Structures are given as C-alpha cells and as structure tokens.
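What follows is a pair of complexes built around chain A, which joins chain B in one and chain C in the other.
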Partner chain A sequence: MNLLEILSYGFIQRALLAGTLIALLCSVLGVFLVLRRLSLIGDGLAHVTFGSTAIALALKLYSAMSLLVTMPIVLLASLGILKLTDKGRLSGDAAIGLVSALGISAGIILASVGGGYNVDLLSYLFGNILSIRSEEVVIAALLCLGVMLLLTLYYNELFAISFSDELAKVSGVRTSYINAILVLLTALSVVLAMKLVGIMLISSMLIVPAASALQLARGFKACILLAALQGCSSVVIGIIISIMSNLPASASIVMVNLLFFAVAFLTRRVLHPKSNN
Partner chain B sequence: MMKIRVFIFLCILVLFVTGCKKAEFKPATGLQVVTTLFPLYDFARTIAGDKAQVTMLLPPAVEPHTFEPKPEDMIRISRAGLFIYTSKYMEPWAEKIIAGIENKKLRVVNAGEKISYREALGVDEHDHGHGHDEKTMDPHFWLDFANAAYIVDAILDGFIAADSANASVYRQNAETLKKLLLTLDDLYKNSLTECATRKLLHGGHYTFGYLAGRYKLEYHALSGVSSDSEPSAERMAALVKEIRKSGAMYLFAEELLSPRLTETLAQEAGVGVLMLHGAHNLSRDDMSKNISFFDLMDRNLENLQKGLQCRAK
Partner chain C sequence: MPGEIVSTKMLSCSYREGRVLEDISFLVERGDYVGIVGPNGSGKSTLVKALLGLITVNSGSASLFGSRLSDFRDWHKIGYLPQSLHLVNPVFPATVHETVGLGLLSRKKFPKRLNKSDHTKINITLEELAILELERKMIGELSGGQLQRVLLARAIVNDPELLVLDEPTAALDPETRDRFYGMIAEINRSRGVTVLLVTHDSGAIGEHASKMLYLDKKILFYGSFDEFCCSPEMSSLFGEHSQHLMCHRH
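And then the complex of A and B:
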C-alpha cells in the first residue's frame, strides 16, 4: 500500500492531528519540567494512575467514569511530589520515585485483594496513537488550548521559577502557587493523554524535545519554540516513517525524537566545542 | 490535607486487612490440584468430582503474561499433589515456580506435551531480528476441541498417578467430559458449515488459529501472538481493506482485553464488533457465576454464527 492511500484512512488522520496537539502540549510543558528537574514526572504519575485505576475498578467505575477517581488522586500525587521536594529535603527524582513506587505497589496489592478484575487492567490503561476516536481529538484540542492559555498567562512567573526558586521568591513571585499550577497542569495532561497515546510516548515527549532545545536555544522563548517544533514534527515524520517501513507508530515517533536530540547534541559540540552548558 | 492523607492510608489498610482474611487455608481433604489456566481448571474440577480439590493460579482477568505468584500461591503449590500447566509458550513462569518448590510428592503435568503445535500463520509480522528459524507457535491449543480431549487425557493420567485409589471415578468423569467435547465439536461443525463468509477477522492478538483451523475458517488477526507486539499502520489499513473486500458485517474482538483498536478498525470499515472468548481466564463476574468452558464456547458459537452469517442446520 502506498503512503497516500494509508493517509486516506481516518485513524491515521486522527493520529496525526491528536498526536501533534499532544506533542505540542507535552514539549512545551517539558521545557519547564526539565529545567525544574522533574523530567520523570510523566512516568511517576503514570504509575499513580495505575494504582488509582485499581481503586476505580474496585469501586466498579469503568472507562471514562474511572477518571472520577483517578483524576483527583493523580492531582494530589503531583502536589505530593512537590511537597516532598519542598519540605522533605528530597530532589525531584527521588520524590517522583517515592510516589511512583507507592502507586504501583498499591495497584498490585489492590488487584490481589480485590480478587481480580473483569478486564485486563494494563490493556485498558494505555492507549495507542492509532486508536484515537473522533471525540478524543476534541479532548486533545481542548486540553492543548487550556494548558497553552494558562502557560501564556503565567509565563513570566513560570520563567522565573524555572531557573531559581529563591530568586523568583525574592522578586515577588508566589513560587509555591506557580509550582502547583505547573505540576497540576502536567498531571491533567498525563492522565488524559496517556489514555490516548500511551505512556511511552507521553514520557518521551515531556523530556526529549526539551532536552534537544536546551542544547541549541539561546533564549527561553526560542527554547520553547524549538521544543514545540521538534515535538510536532517528530509526530508527523514518525508516523510517515512507520507507514513507509511498516513499523509501530509510537516507537517510531520516539526514535525520530531521539534522532533530533542526537543532531542537536552534535551540532552544539561542533558549534561550541568548549562550552559546557 | 493531612486528614485526607490519613484517610487514604486507612482506606488502603482496611482493604489490605480484609483482603488477608480470604487467604485462610481450608483443611486439606483428598488430592490438592493446582492449575494455571482456566480450561485446565475447568477440566480438572470436572474430572476431580468430589474426590479432589482443584484451584486456579491466575486471578480473574489477569493476563498469563503479567502474572506474578503470591506467597499464598507458592504455599498452595508446595502442599499440592498435582500441578498442571499448558506450555512454556503460555506460562513461561510455570517451570521456574516448580523448580523453586521443594515438594517431592508433587506431580507436574504439561498438558501441551503431546500436542503438535500450529504455527501462528497469516499474520504479516515484521521480522524483529529473531531470524526466520524461530517460528511463532500458537499456544491456544485448547480452542481445537480434539486437542482439548488430549488435554483431558493428560490431566487424567496425572490424577491417576497422584491418587490411584480413586482412579475409576476419575476415569468415568473424564469419559463424560470427552463425550461432551465431542458433542461440542459436532455442534460447531454443523453450525459453521453454511456461512456467508469463511473469513474470521479479528482486530487483536493472534488467538483463534486453532478454532479457525478445525472448522476451515480463514483466520486474519491484526497482530502477532505476543502481547507486546503492536500493529503497524499498514497492517491496520490492510485489515480494514480485507474487511471491506470480504463483505463481512462484523469484526471480532477478544474478551477481557481492551477493544479500543478493534473498535477503531470496525468504525473505519463500517462494521460491528462481536466478542470471542480465548478462555485462558475468566472475568470476575463470570468466575462468581461459576461459568464453565462449555458456557464460554456456546457464547463463542453464537457470536461466530452471527458474525459469519451462518445458517443453522
């Protein structure tokens, strides 16, 4: 089958559209998270979603209804991560690891205590970019719009806390409030987007475009722009490669992202061989 | 904030403690039998009658691939007289568990030992660097009812070896079971002879190859046997094309697993979705309703007849 023929299928069009929107969302959020040393928050919150989905299933809440249970728990968990880094003398990665371990072990215990489920939990937890439904494209669009709006609104404050909490505090930014907004937006995006495209894609979209952009960009705005550009174009390129060479779509997108990173890394080495940042 | 956290912690604690009560052991009477998958469990409990106690390892709806034994499971196996599993393809963990158990009385039955495995055919799978020598075997052999009769024999041999005193009862129960399987086989054969289409189109992992092979259906699955394999866009598009070309009105999905991909494909091709049960495990509801292998196969036949538009004879 040729490329154009496959592009005429609805599921590919939805994958391209919703995939690009989610990539935009994740790569922009990612720049703030990577700078705040919370890169792995996507993985951590995915594990919490696993645990809280187990609670939802134990309460006999399925599919969309399960969000009633998972969403508040994951939002709380994201604030918990923040509190642990703030008050617990822990770095972001340790805090995320702690919360993530809690999520996954609670899920496993609940599964065996509750006497099993009616469906295979893992197969319901994660979506696949090729199985996005029409109404989910709308969800992705609204999510993207909402998060972008809030990020623009709080841009200056987010910019300040990305580099130094202390400095931001001194210059009058309500840092704990702004930090909370950042992680809550991340939690919201992770929970919803995970169901659409799977956790591997979300987690890599949060980290890789930001990491590449930080190699090259000279200013903060340029960095966000570069990350967004990479995130979106790797979805399109990844899907096209997956069609042409008959490979799974999500993994192809991640690989394209990593390729971009390698190029960015090497470019910086060539352009500024002596600089270390 | 603090109160909420204490509350959540208490909730988890209560669930945990109440759950632990269930783990009490019943006093062991007669032969203790531990099985891995549902068909083995169902056949074994029929053969056992009231002479032996049969339990199943997998919790309801858990995929065999993601199963992890609990301490209670290990204790149960170390006290059992008979352990039955299907194959190293389906339960790669079974042999490891057995190797770690010190129980000299335990007899282990590999129910798939005498089966000649079918290759998972008809899946246009990408070569992942394993080379072509390693064929992908289809481990769902119980869905061919002639094989199911072999399984009954293998289980019966295990029962007789472990508890020869009740051999005659076990033999009799096994005979009845095999007759039921033969009747089921005839029913399937007769019900699936005159169908509008012989294409069994499945929007999921390769599961129903044996079923299709036995009743001369042409099986097309979206992806390979492994639950890790993901379909490519081209494979999805090819299946949609296949559905449209075949004039089928339904695409099949496997019960217990998320039907998302199947629904996407069915919507694309403008057909409905029907469920088929792979029978390796049951949902919690079916388990509490005490559903049997034969109940599941009746359900499957009903959906097959509808999906393939068969005329009842």
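And then the complex of A and C:
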C-alpha cells in the first residue's frame, strides 16, 4: 500500500485531522504545564477520565455522547487538583496522585460492578485513533478552536505565571484565575486525547514535545512553535507508520515523539557540549 | 496623605513556627530610599511580601499609595525584584527581551498584548542599564550580575513609582553589589522612584539609603542613616566598635 492509497481512506483522513488538532492542543499546553511543574497532570486527569468513562458506559453512553459525562467530571477534577495544591498543604504532584488514585479506583470498581472490563473501556486504556468517528472529529475541531483562542487571549498571562507566580501577582495578573484556565484547558484536551493515545500514553503527548522544544528553543514563542510542530508531525508520521507496518497507532505516535526528543537532546549536546542548562 | 507611598499600622504576620513580624508601624514617603536591614530570620523578606500582598497579614493593616492592600489594584505603580536565585528556572526558555516585557503586563488591559512601542520601551530600558547587547540571549545563559540587571530592567520597564527589592545582591560579588546599589540610587534620584530595599548588609546600603529600617521581628530603628549611626539603641545592639565600622566604611 503506498502513501497516496493510505491517505485516500476516510478513516485515516479523520484520524490524521483529529490527531493533529489534539496534538496541537496537547503540545502547546504541555509547555506551560512542564514549566509549571505540572507535567503529570495529564496522567492524573486521564485516570479520572477512565473512571468517568466507566460511568458513561454504565449509563450506556458511547462515543461522543460519553463526553457529556466525562467532560464535567474531568473539569471538576482539574479544579480539585488546584484546590488541593492551594489549600491542602500538598505539592502539585501529590495532589495529582490523590485525584489520579480516586479516578482509577472508581473506574475499576465501576467496571467490575458493571460486569467486568469490556472492549469499549479497554479502548480507552490504549486509545484507538483509527476508529474515530466524524462527529468526534467535529467536536475535536470545535474544542481545538476554542482552546487555541483562549490560549491566544491569555498567552502573556500564562507566560507570566509560568515564569514566576510571585512576579505575576505583583504585575497584577490574577494568578488563581489563570491557573484555573490552564488546568481546565488541559482537562478538555486530555478527554479528547484519550481517543488518540489512551490513558497509558497520554502524558507523553503533553510532556515529550515540550521537553524536546526546551532542548533547542531560543525564546518562549519559539518553544511553543517547536513543541506544536513536533506534536503534529509525530501524529502524522506515527499514524502512517502504524498503517504501513501494522503497528498500534498510539504507541507508534509516542515512539516517534520520543525519537524527536532523542534527536533534540543529542543536537543540544553537540551544539552546546559544555552547557548544563 | 499625598506623599504617602507605604504605610503600615501594627502589622503582624505568623508562620507555623510562630510570629515573624510583630506590631510593625512605619511610613514611607515619596522619594524615600529605605534600606530594610536586620539579621537572618528577622522578617525582612516577610515584611516585603506582606506589603505586596504575597502572604496573609494576621493583624494590623498596610496600605500602598493610600489604598488598603486588599483594595489596591494599581500594580503598574510597583516594580518588584525578588531574590533572583530562587526565582529563575535556569532552563526557562525566555530571552532577555521576553523576560523584560513581562514587566509591562501590569499596564495592560485584557488581552494583555505588547505593541510596537512596548518593544521600543523594552530596548530603551535595556540600553539604560547597559545590557542591550544581551537582548536575544536566553536568561539561563546569563551571569549572576547580568541576570540581576535583567530582572531590574523588568522591574523598572513600566516606570514604577515604587521599587521593591528583596536581597537583590545576595549572589553578587562586592564590586558588582556596589555598582548595583549605585544604579538603584541613580534611579531613585533621576526618576524620583521611591525605593524599598531589603539587605543584610547595613554598611553597604547606608551609603545610598535616605532611611534605615532595622528589623528583628519588631522595628528596632527607623530613621536616617546618620541617626542610625548616632543611635544609642544601635550602639548597644551592635557595640560601639561594630557600629563605627558599619558607619564609616565608605
């Protein structure tokens, strides 16, 4: 099968379109999350998505309809992580761990009560981008548009809180509000990305493009652009490799992302051999 | 009061370990250059953070530019330079130009976008501090002294009326430190900016500051540097010999 043939299939076009949009969201948000030391929030929220998907399946809500249950729960969980960090004398990683444990255990109990793990729930563990439906692509596109619009409007405030919360506050930035926007946008993106790479690999979509961009970028805007470029390219290359080699799409996307990271890391070591930064 | 920039009345702050500041009352007027000094753990940084609303005040009150702290919104009037070593993530991917630009956000309404004149303003500020050549450098590539100047540029780029500096010279060698204090004194004189500067180095700041506030959980002294040097309370605290060294080293 050649490349043109592959690209002529509707399900592959849908996968490429939705995957690129989701990767764009994850990689841009990932830069802010990594710099705010909230890298693992993707894992935590993915576990909550697993729990909430179990609820949706128990209510016989499938595909796009399941978002009616998962979205509000995951959005609330993201605010819960912020609240625990702010008021619970917990660091961000401990708060994420708590919410994550709640999400995954709730999912396991619900799956067990509901008659064991079924195929739908398992598909959320490892993702299945090639089975994405047209309505899910439309939802991904609309959400992507909304999230990117908000990221553009709040770009400088997000930049400021990523640099320093303390300095941002004294510059009149409402840090609690901007933090809430960041985690809410992350929650939306995680729910969407579940279909792409699944719970097990979701944080790689958020972390790896940002980690690669941090190796090479000369400037904050450049860092975001590099991360977005890597995130989107990894999805396209990963999906094509998975079709041509009959490999799982989610793992292929992640492996391409990791390969990009290795190249960025080595390039930095070659260009700046004495740099520790 | 028209010239009132900072005012506190019976301000107290506590951490879990106990009370850090007790009954702090003082007034800073327009154009003052106040050196806040005292031993380690005396509450100097806590006082600055309380004044900027970064930590909760347990009792008493503070006001900035005549507004109660809880009602204060004119953040563009304030430039803040924290202890930079604790602040800057060495891998943060920002250029010097981008970092200084963050100082302009306090003057911006939603959406806080920088325009062409803002970028010109950033370059003018960098030039004033003689660091324009660093404009495209990443902040992780700077030396301690360069980083300090960049963060100072960030603090003054929005033309603040009050500049608050928390141990800005802790990581600098004595020569760079003295140059830095001179630079702050020049900003105070030429721009009429009121300065609050926290330091543990009473002697070095004395050359420049118009007032000294000696703190050890409570205010032990607040007045001019000359008064500080003649103060019998300070003599009994430091011993006459140490006070003499501190006051006559310049």
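One rule holds for everything that comes next: the second predicted complex is superposed on the first by the 232 of 277 C-alpha atoms of A that agree within 3 Å, B and C clash if a C-alpha of one lies under 4 Å from a C-alpha of the other, contacts with A are read in each partner's own complex, and residues count from 1 in each chain.
The rule is simple: a contact is a pair of C-beta atoms (placed from the backbone, for glycine too) under 8 Å apart; a residue touches a chain by one contact, two chains touch by 3 or more.
Since the structure is predicted, the reported quantities are computational estimates derived from the model, not experimental observations.
By the document's definition of touching, of the two partners only chain B reaches A:111; chain C does not. Contacts of A:127 after superposition: chain B is touched, whereas chain C is not reached.
In the superposition on chain A, A:5 contacts chain B only, with no contact to chain C. Residue contacts after overlaying the shared chain place A:246 against chain B, while chain C stays out of touching range. Greater residue coverage of chain A by touch, when chain B is weighed against chain C, goes to B.
Look at A:76: by the touch rule set out above, it reaches chain B but stays clear of chain C. Once chain A of one complex is fitted onto chain A of the other, the partner contacts of A:265 are absent, as it touches neither chain B nor chain C. In the superposition on chain A, A:166 contacts chain C only, with no contact to chain B.
Judged by the document's definition of touching, no chain A residue lies at the interface with chain B and also at the interface with chain C. Taken together, the chain C residues at the contact with chain A in this complex read 52-54, 73, 75-76, 78, 80, 82, 87-95, 98-99, 102-103, 105-106, 108, 110-114, 136, 138, 140-141, 154. Only residues 4, 12, 15-16, 18-20, 22, 59-63, 66, 68, 70, 126, 230-238, 240-241, 256-258, 260-261, 263-265, 267-268, 283-285, 287 of chain B touch chain A when the two sit together in their complex. The part of chain A that touches chain B in the complex is made up of residues 1, 5-6, 9-12, 15, 58, 76, 106, 108-124, 127-128, 130-133, 239, 242-243, 246-251. Listing the residues of chain A that touch chain C in their complex gives 35, 152-157, 159-160, 162-164, 166-173, 213-214, 217-223, 277.
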